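Okay, here's the structure, questions in a sec.
Residue numbering begins at 1 within each chain, and the chains themselves are lettered A, B, C and D in the order written.
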Amino acid sequence: MADSPKTGDAPFDLEKLQQLVEMMEKHGLSEVHLKRGDEQWRLRRGAREVLHAIPQQPVYHAPQQFAAAPAAVQSMAPAASQSAAADPNAGGLTIKSPTIGTFYSAPAPTDPAFVSVGSVVTPETVVCSIEQMKVFNQIQAGVSGTITAILVKSGDAVEYDTPLFRYQS
Amino acid sequence: MFQRILVANRGEIALRIFRACREMGIETVAVCSAADRGADYLKAANESICIGPAAANQSYLVIKNIIAAAEVGNVQAIHPGYGFLSENEHFAEVCRECKIEFIGPSVDAMSKLGDKVSAKELAKQAQVNLVPGSDGLIKSEEEALVIAEKIGYPVLIKATAGGGGKGMRVARNDISLKAGLKSAAMEAEKAFNNAGVYLEKYVENPRHVEVQIIADLHGEVVHLWERDCSSQRRHQKLIEESPAPNLPQSVREDICKAAVRLIQTANYTNAGTVEFIVDKNNQFYFIEVNARIQVEHPVTEMVTGIDLIQQQIKVASGEPLPWKQRNIPCHGSAIEVRINAEDPDLDFRPSPGKITKLRVPGGHGVRWDSHIHEGYVVGPYYDSMIGKLIVHKPSRPEAIACMKRCLDEFVVDGIKTTIPLLKRILNHTAFVEGKMDTTFIEQQLLAK
Amino acid sequence: MFQRILVANRGEIALRIFRACREMGIETVAVCSAADRGADYLKAANESICIGPAAANQSYLVIKNIIAAAEVGNVQAIHPGYGFLSENEHFAEVCRECKIEFIGPSVDAMSKLGDKVSAKELAKQAQVNLVPGSDGLIKSEEEALVIAEKIGYPVLIKATAGGGGKGMRVARNDISLKAGLKSAAMEAEKAFNNAGVYLEKYVENPRHVEVQIIADLHGEVVHLWERDCSSQRRHQKLIEESPAPNLPQSVREDICKAAVRLIQTANYTNAGTVEFIVDKNNQFYFIEVNARIQVEHPVTEMVTGIDLIQQQIKVASGEPLPWKQRNIPCHGSAIEVRINAEDPDLDFRPSPGKITKLRVPGGHGVRWDSHIHEGYVVGPYYDSMIGKLIVHKPSRPEAIACMKRCLDEFVVDGIKTTIPLLKRILNHTAFVEGKMDTTFIEQQLLAK
Amino acid sequence: MADSPKTGDAPFDLEKLQQLVEMMEKHGLSEVHLKRGDEQWRLRRGAREVLHAIPQQPVYHAPQQFAAAPAAVQSMAPAASQSAAADPNAGGLTIKSPTIGTFYSAPAPTDPAFVSVGSVVTPETVVCSIEQMKVFNQIQAGVSGTITAILVKSGDAVEYDTPLFRYQS
C-alpha cells in the first residue's frame, strides 16, 4: 500500500543469488521472499509440501504485546477453543486444518484411508491430504493420541482451522 | 461478464469491491485470515473462506491458498485490490494458468513496467520525459561538467550501489559538483565497496502528480484526469485530490496525454496510474506506473462520476470502454484523507485496539469508505489505514471547508488516529493555497 | 453575510444546517427541547439552548421561546428547516419585527401561496394549469353535463363541505354523473348539512412531481429541475428521486418553466417547491407551493451539485444567485429513501427506543444525512424519520442497484424501521420501471 | 413534515370563532392553536403571562408508555436530579427556570428583589421575572420553603430547566 516512489538502481548480484539457492537446498526451504526498498527477490523450490495440522488443545495464551485486544485471540477459532477449555468431554480435542483446500482421507480413491477411528497417531503420522492447485499436501497429526471421529468427508472443501478429526490424547 | 469473483484482499478495499460487485449483480467470495474471520465487512460478500493465520505472509500473501480458495469458491476471476498480491506478476500468471482471470493488466505489461530499466525505455519510446541525467556511470570530472551544463543545476550525484542517502550529494554549481563527485565516490567506496556514481537533475521540492488510466482489451486507452498526492509523510500519502491545484490547464492536458502515450506503448490494459514528479516550473518527469487500483481512486470517481472498480471488472471481462476521452468530465474538486490508526505523538507508530466510540461525518458532498464500526478491533497485523473520507464540492475552497468540518465532527475513541495531523495539514497555508510539495509536511509542518 | 444563525429545528435537518453553516464559516446556535438536550448532533452547533420540555408545543413550536433564544444567542437570522414553524407566516413576521432575518420567503408570498384561493388565482395569472373543474358550486344537472363534456370524463364530484371521502363520487359517463350528483348531494346534506357539490377532473393514479425553485431578492428565479415523489403511503413520501423517470424532456422543461412562472408571479423569494400531479398523458396540474426547504432536497443537490441550504442562506443575506438557468446541470440519477422508526407489521406505528446496533452503508455514490448513532434513543415525541439515505449514480438502474445494496447492508437493531418496506418498493416492478404513481404502494404493494 | 397535498375547502366559521374567543377569555387562555387537515386557527390573547417555576425535587417517575428509554428521563436535567436524589444535603432542592429568557431578580433595577436568601415562599410567591421578547413573565415559586441560595445574577440568560434558586422545604 506504500505508494512510495522507487529510488536507486541496483543490479542483481548473481553470486548472492547462487548462495541463496544453495542455502534453500541445504535447509529444505521451499520459498524465499526478500524485500528491501524496491528490490524484491522471490524464489520457490519444489511443489510438494508437508504441513502439520493444528492440534486444538486447551492452551494457555501467553500474554503478547497486544494481549488485551480480542483480535489477537481471534486467531484461534474462539467458540471451539472456549468450549474445549470449558468442557473437555463435550467437544474433545480436535486436529484442525492447517490450510484451505480440498480434504482427502486417502492417498487415492482405491487406497485405504490414512487413518480411521481408533487409529493411534504420533505427531508425524500423516492423517490426510489437502489438495491445493493440484498439489496434494500431506498433513501430519502434530499430536499424539487416538482418533475418535473424522469430522469431514473425503472431497470436502476445508478452510484454515476447520476441525478435521477428534482425538483423545 | 463474470458471475462470481474472489476478492484477494481485506478491509476497506475488499468491502469496496464487494459493494461494486453487488451493484453489478456479481457474486463475491471473500478470503480472510483467522484475525479477520467474522468481521462485519465480510457479510457484504456472498461467501467467506478462511485462508490462514493472522500473519499476511501465511494468509493474504500465500498464492496457493488464494488459488485454492478460488477453486473451492468456484469463481471465474480474482480482484486483487491494492497492496498484498496486486502487483505480483507471478500471482497474475498463476491465476490465468488456472483459468481464473486476474482483474488487472497482462503479465507482460506488468513486468515491462515493473522493471525500472524497461519502464524507462518505454517512456523514451513514448516520448514521456524522464528526470534527465547521465546515461550510466560518470567516467570523468569533465564528462560530469558537460552533463551538468546540459541538464542544468542543481544536479544530484548518486552512488550506483547507493541507499539510505549514502553517496548522495546535491551540487548547485561547477565547484560543488567537482567536490561532490570526489566525496560521494569516496563515501560510496567505503559504504558499498563500489565508487561508481551517476548524475541526475535534482528536482527540488517536487509535487507528486499522477494520472489515472483505464484501457480495455480492444486498444482503447483513456485517462480520467490527474490527482495531486504531494501531501506525504515519509513517502506515505496522507491527502489526495483531483484536480491538482495550481496546475495550468495546458500542463494538465500534457501530463494526461503523456500518461496515455506511455500506457499505449506498453500495451497496458485495465486500470493503472502513471506517476510523475512536477517541478516549480511545471516541468513533469515520469517516475513509475502503479499497475493496479490505487488507494486514492475515489477522488477520481468523484470528479468523473465513474465507478473505477466496476470499470476494472468490465474491462477484464472483455467489455469495451463505454466512452471516448472527450466524454470524461472533471466536475468540481474532490479531496480524500486517509484515516490511519497511528499515534502522531509516538512518531506515527501503529495504534491497534478496540474502537470504543465512532462518529462518522456525513451529509452533502461526503463519502466514507471503510470497514470499521463501533466495537471494531483494529489488529496489529496489517496496514494501519482504517478508512478514507472523501469530499466533493464545486470548488477546492469549498472542498477544504467541507473536509475541515468533517474532521471536526469525527470521533474515534479507543485508538489514536491521524485525524489531528490531517486537521493541521488542512489548515496549513501551503495546503490551503494549493502550493504543497512532497516535503512540506516533514520540513515545514512537522519540523520542530 | 450573517455571522451567526439560529436553527429552529432538531434532528437531521438541524444537523444539515449546522454543517452547511460551518462550511461557510457561520456560527450556529441550536435550540433543543429537554428531550434532545445533550444529543450528539448538537455538538455540531457552536451553542445550544434548551427552550422547553419535550413536547413540541412547549418547545420547538413556541415562537417566543425561539425568539428569546435568538436574542440570548445573539444571532442575525433564523433557519426554520422543515416542519415545526417553517411555514408559519406569523413566525416569519415576528422574526423580522425583531430584526432577525427569517431564512425563507416574504410573509406576503407565504400568505398568498398558503391560501388555496389566492394560490389558484396566482396560478391562473401565471398560466399554470390547475385541475379543471366547475368555477364554484353546480347549480343544475344540465350545467354539470356541460362542464363534464368540457373537461372530459372521468370527473370527480366533491361536496363543498366535504372531508374523509364523504360526498365524493367518480363519474365516468353522463349516466353515472347524473346518478352521482344526486347521491353525493344527498350524502353531503346528511353528513354536513350542506348539499353543495362541485366538479373537478378526476386524475386517476397520478404521479407526484415537484419542481425545486430558488429565487433571490433581485428578481432572479431559477428551477433546479424536478423530483418524482410518487412513492407514498398515506400521503407520506417514502422515496424521492430526480430526474423523474419516464417524463419526456419536453414535459420536464414545461413543468419546470411553469413553476418558475408561478414563483415569479408570486414575487416569491428563497427556496421553495412547486407541487404538481401528472396524469397518464403527462398532463400536469398545479397543486400547491411548499414555502420552505423540503425533506427530499438532497436528491436535487446530488444531480445539480448545488448546496441548497447554503444557497438559502446566501439568498436571505441578499446575495444574488451565482448562476443563470442554463448553468444548472442535471447529472445522473439520485434517489433518496427515508428511514423511519416505524413498525411495518403494526400499521407503521412509531417504534421509539434505543438503537443498540447501527451499520450505515457507505462507499461510491452514497450519502447519509442523519443525527442518529449507535446508542441513540429515538424518542416518542417527534417525527419518526431518523435518517435519509441518498444515492447518486450515472443512471437510474445503477442508482436502484446501489440503493438496494445499501439497504441490504443497513443494520438498525433495537427499533423497527421502514427498511424492509423500502426494499420491497425497490424490487417492485412499477418502481423498477419508473411507472409508479401515488397509489401503487397502497393499492398494489401493500394490498393483501 | 407531512408533505401531503391539501384537500377540501372549508370557509371560516365565525360563530365558532366567537365561541372560542369567549372560552379563552372565560378560562384565561392566552393561546389557542387548532389544526385539522389543512385548516389552522391560531389565537393569542394578552401578552403578560404568569409561569410557574419547576421545583426540582427527588421525584418518583411514574412508569410511562415509554418508560424504559432514557429520552423520557432526560426531560429532567439528569445530573441535578441524580445528585439531589442521591444526596439531598449536597445539591439540595432547586427551583428551576420554566422557560428560556433573561432572568431578573427584581421588577425594576431600582426595586427590591422579589426574594432574597431567607425569604419564605409559597407556591404562588413570585420569585423572579424572565424576559422574552420584551415581555416580563412573572415566575412563581411553585413550592413552599425557604430560599437558601440565588444561583443566577439579574440579567443572566437562563435556559429551560436552569436552576435559579436553592431552597429548603
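Convention: a contact is a pair of C-beta atoms (placed from the backbone, for glycine too) under 8 Å apart; a residue touches a chain by one contact, two chains touch by 3 or more.
Because the structure is a prediction, the values reported are computed rather than measured.
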Path length in the contact graph (chain B to chain D, fewest steps): 2
Where chain A and chain D are represented by their mean Cα positions, the distance between them in whole Å: 71
Euclidean distance of C-alpha centroids - chain A vs chain C, Å: 61
Centre-to-centre distance between chain B and chain A (centres being mean Cα positions), rounded to whole Å: 33
Category of the chain touch graph - line, ring, star, complete, other: line
Pairs of chains found to touch, sorted by chain label: A-B, B-C, C-D
Residues of chain C touching chain B in the complex: 15-16, 19-20, 22-25, 40, 43-44, 298, 301, 305-307, 309, 331-332, 358-370, 373-374, 393-394, 398, 401-402, 404-405, 408-409
Chain B contact footprint on chain A (complex, rising order): 1-6, 8-10, 33, 37, 42, 65-66, 68-72, 74-77, 99-102, 131-133, 135, 157, 159-162
Chain D-touching residues of chain C, taken from the complex the two chains share: 33-35, 37-38, 49-54, 57, 59, 61, 64-65, 67-69, 71-72, 82-83, 90, 94, 98, 116-117, 158, 160-163, 208, 229, 235-237, 275, 277, 287-288, 290, 294-295, 352-354, 377-381, 383, 385
